[in-house]
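What follows is a single structure, written as structure tokens, with notes after it.
Naming follows writing order (A, B, C and D), and every chain is counted from residue 1.
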Amino acid sequence: MFSLEHITDFIQQWLYATFNPTMALILECVIVMLLVIGLFAVLGLVLVLMERKVAARMQIRLGPNRVGPKGMLQTAADTLKLMMKEGLTPDGADKFLFNLAPFIVMIAAMLIMAPIAFAKGFQIWDINIGVLYVSAVSSVSVIGILMAGWASNNKYSLLGAMRSGAQIVSYELSAGLSIISIVVLSGSLQVSDIIASQQTGWWLFRGHIPAIIAFVIFIIAVTAETNRAPFDLAEAESELTAGFHTEYSGMKFALFFLAEYINIFIVCAIGATLFLGGWMPLHIGHWEGFNQIMDYIPSSLWFLGKTFFLIFLIMWFRWTFPRLRVDQLLSLEWKYLLPISMFNLLLITLIAIMGWHF
Amino acid sequence: MYRETQIIESAKTTSPNGGPDAVDDGALVINVGPQHPATHGVLHLVITLQGETIQKIEPHLGYIHRSIEKMCESLSYRQFIYVTSRMDYLSAHINNHGCALCVEKGLQLEVPPRAQVIRVLMDELTRIASHELWWGAMAMDLGAFTPFFYAFRERETINDIMEETCGARLTMNYMVPGGVMYDIHPNFQKRVKDFIQLFTNKIDEYDDLVTGNIIFQNRTQGVGVLTAADAISYGCTGPVARGSGVACDIRKLYPYEVYNKVAFDEIIETAGDSYARYLVRIKELKQSVRIVEQLIDNIPEGDFQAKTKAVLKLPKGEFYSRVETARGEFGVYIVSEGGTTPYRIKFRSPGFSNLSALDHISRGCKIGDLMAIMGTLDLVIPDIDR
Amino acid sequence: MAFLKQYISDVYRAVSSLLKGMKTTGSYFVRPKEIITQQYPDNRASMTIPERFRGEVVMTHDENNEHACTGCTACELACPNATIKIVTKFDTTPEGKKKKALDTFVYHLELCTMCNLCVEACPTSAIKMAQSFEHSVYDRSQLLKKLNKPGSKLRAGVE
Amino acid sequence: MTNEEIKQHIITGLPNASFDETGEWLQVLVPVDAWKQFAQWLRSDALQMDFLFCLTCVDWAATPAGKALLTMVYHFTSTVFRHTLVVKVKLDRNNPEIETISDCWRTAEMHEREVFDLFGVQFLHHPDLRRLVLTDDFEGHPLRKDFEDPINMIKL
């Protein structure tokens, strides 16, 4: 059967057979870099188009339908436009930080790609502290946002950046606690191990109600962490015009925009990995026939399907809910999500120790 | 022209009421508007913030001031009515109605019953359309985009009905002194009934989507509280005052046309916060539907316009008429010297008075609350600037 | 305990209200029939404009290139914005009498607010409102129009 | 309260007020120096005129009788008794000065700024008397009858 694992293995063997080990490693790095950048570009285009189409369908309109068949090339045209635009730097801005900020946000998003398993055996770096690495690196992007807000020399940007700082730092906690609950269940920080532990069933179904609660909290927390509505206070266009990226234009704005969507993809990929079994097909108990049919679907499709389902969920939130106020946002975290997830973690630990899970 | 730095300096140094609310040094002064997504027009607010908390709001008006009152001094009594559509463009019909009433009061003209009923029907349809737009825009201010499209779907139906009968979608100029410009379109009754049927189903959807939403309730409840005494002192009218428990519906207090013959309730909420103002408008939608339902099958036969002279001349004197627009009490004050044009005309616009309460009710709120407050004040900027 | 009960009921109420909202938008997502977008200008052919729609002032001419405008300037007086300017001339009737007649009906579309007062004022129904609405041009001078067609004259019998 | 009762109340407080009953509502003409006291009395005492729904000014310069006359017109109503009263105060057109009432009715603050802007009436002791709708460096007061703007005003 067609598998990405065979292709990557073949390439690696060929590289090490043809070149010396250092050269092979460098070449591998270059290939990975190109792949990641290509993936970024494609993801950006697809996700923005998806967002616009989903929004349009919910808002009883058609959405982009002029450029290309059914408007498929709309985002490509938009990207072209953004690249052609002049990137203005406002007077009085801290030019170095102003220009650096979008790259920091972007690089942070790129780094989290490393431990994600896109398909069976298709993973850039199967580090043994994968989950820890993800939650550590994902909090770096807040530095970029703060930097952008501060360097813009704009009060709206500053307010947006400060909100974003408070928000991301708070929601890291409950996102981390929900991740830990899966780590407790699977007993490993390594992404491949976590996926392997879901061979017989996904943690969402195996961990009883506490796992479902952890999943819900995880989704809420990552929606907040990626600054998506209803937690888009950092941008809050009706309050702060565009928040931290008010002053950005052209390609630098495009980088922020792209990073937002890449972040959504990444957090949904992590959610899919932890709770929905990553590339693992859906297996139900002893229904051998059913399980075999499921196995025929390629693992990469399983992974993408789960991820895009979560992305759709987050988009659905955005186009339904009003925005929270900044103090309500924080009280939601500290008064509701954090206590619940701590208590939930206790329950999950109990389940894991007693082996009550399926 | 205004220079931003000057405004900021003036905001720092002058404290209108002196004493305790003088602005301190750590304050952040930001300009909301005149180009801002939440001000829905060219309203310019200079906001003094302490962190995210609002200390003071100073409205700067005039970006769309056209001196309509001066213009009207050189227009005849037939001509000046159309100008008022450009003030509160969302309730253009009702503005025109107020002007027509004032001229009729001066001429002591009896409006035929058919015209009266048509006028009231149009007023209520306009009110529904205006509240629809407000509902969508208010939800959008609070970050929910989808309601805007649902609201516009229904509003578009009203606009189509208007277009068919009045010939225009927004600035209809359908009211003339003595009646209406032409008779209703043959399809009018059927289309309005279809609309009513469609609309009553949709109101529940609005409740599911926005009214009952926990985030929305938290954003509006207890935000921007206006007490009844303040509402009266600030001259607030319409849903803003009724949300504070002040009975001020002109349709009930000083009924004009056939409002004393139809059954409807004046909606009064007592909480005085943004949520109360929101509820008043949502419930008013149902009351407007009720009025339309009562009248749509009972349009009396007869003339749609009284016979008037070609050139209208008001006798020497002063005339004041008021109507209830979607935003509150709209007053027209005409001073006539007996000529063909008004000597002095003053439009008492509801938005102007409602805006003056903004500073008072939003002090101490968060900047996010300002959007909820402005949304429920339902400001239309051309109405304020005139 | 009462506190915990309150806490849980708060959470339940919040979640259920959010789910209700998601149900509404979700139901529209799966019903593409509800889409109301009008694809203007693609649908130009199928578009119907109500006959009362006020797009611009036109003067009606019959097949003999005759109009009903006597040049009485009632519309010019009725117009609030000085949109209409009537230029008159003196025709000589067959009886040899001089008679005032329309020379040029100047119409400034760029000043017009489509208030319909001129049409109401016209004693001979010579002008009416047309349903055209695509008025945008690149030069403002193109909006200055002459409404009576070249060579047209007053229809016989209209006073 | 009927017009007669209102009249009685006013005459006891202000003997030199003159009345006009030709319009829809009772009108009372108050001298400018007695205005502030009268306004405070209106707001709080027997009449309870708590709702100021219209505040404006009329320039009489275009009439033969009023070459040097501005009239402030206040429309009051009472939300308690539902009676309406129109108060007029005559001002000298060349030096119009009147006491503010923005401390009695909060809505007057914005309305007085508007009248100051468009008519040039000086409201004494107003907390923040600046131009409202026009720019700070605007010259003249547009709603006065002798205001001329050859560029922006088109005479029909």
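By definition in this document, contacts are C-beta pairs under 8 Å (C-beta built on N, C-alpha and C of every residue); 3 or more make two chains touch, one makes a residue touch a chain.
A quick note: this is a predicted structure, and the numbers were derived from the prediction, not measured.
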So which chains count as neighbours of both chain C and chain D?
B
Among all chains, whose Cα centre is located farthest from the one for chain D?
A
Chain pair with the higher count of C-beta pairs in contact (A-C, B-D)
B-D
Averaging only over C-alpha atoms, locate the centres of chain B and chain C and give their separation in whole Å.
24
Centre distance in Å when chain A and chain C are each reduced to the mean of their C-alpha atoms:
51
Between chain A and chain B, tell me the centre distance in angstrom, where each centre is the average of that chain's C-alpha atoms.
45
Could you check chain D for residues that touch two or more other chains and list them?
156
Multi-partner residues of chain B (each touching 2 or more other chains):
146, 153, 209-210, 213, 215
For chain A, give me the residues that contact two or more of the other chains.
58-61, 319-321
Give the list of chain C residues in touch with chain A in this complex.
11, 18, 21-22, 24-26, 28-29, 32, 34-37, 39
Inside the complex, what are the residues of chain A that reach chain C?
54, 57-62, 65, 316-317, 319-321, 336, 340
Quick check: in the complex, which residue numbers of chain A touch chain B?
55, 58-61, 155-156, 159, 163, 229-230, 232-233, 236-241, 319-328
Contacting residues of chain B [partner chain D, same complex]:
1-2, 14, 16-18, 61-62, 65, 67, 69-70, 74, 105, 230, 232-235, 237, 246-248, 253, 317-320, 322, 329, 331, 333, 335, 337, 343-344, 346, 348, 352-353, 355-357, 360, 385-386
Touching chain A in the complex: which residues of chain B?
28, 30, 36-38, 52, 139-146, 148-150, 153, 209-210, 213, 215-216, 218-219, 366-371
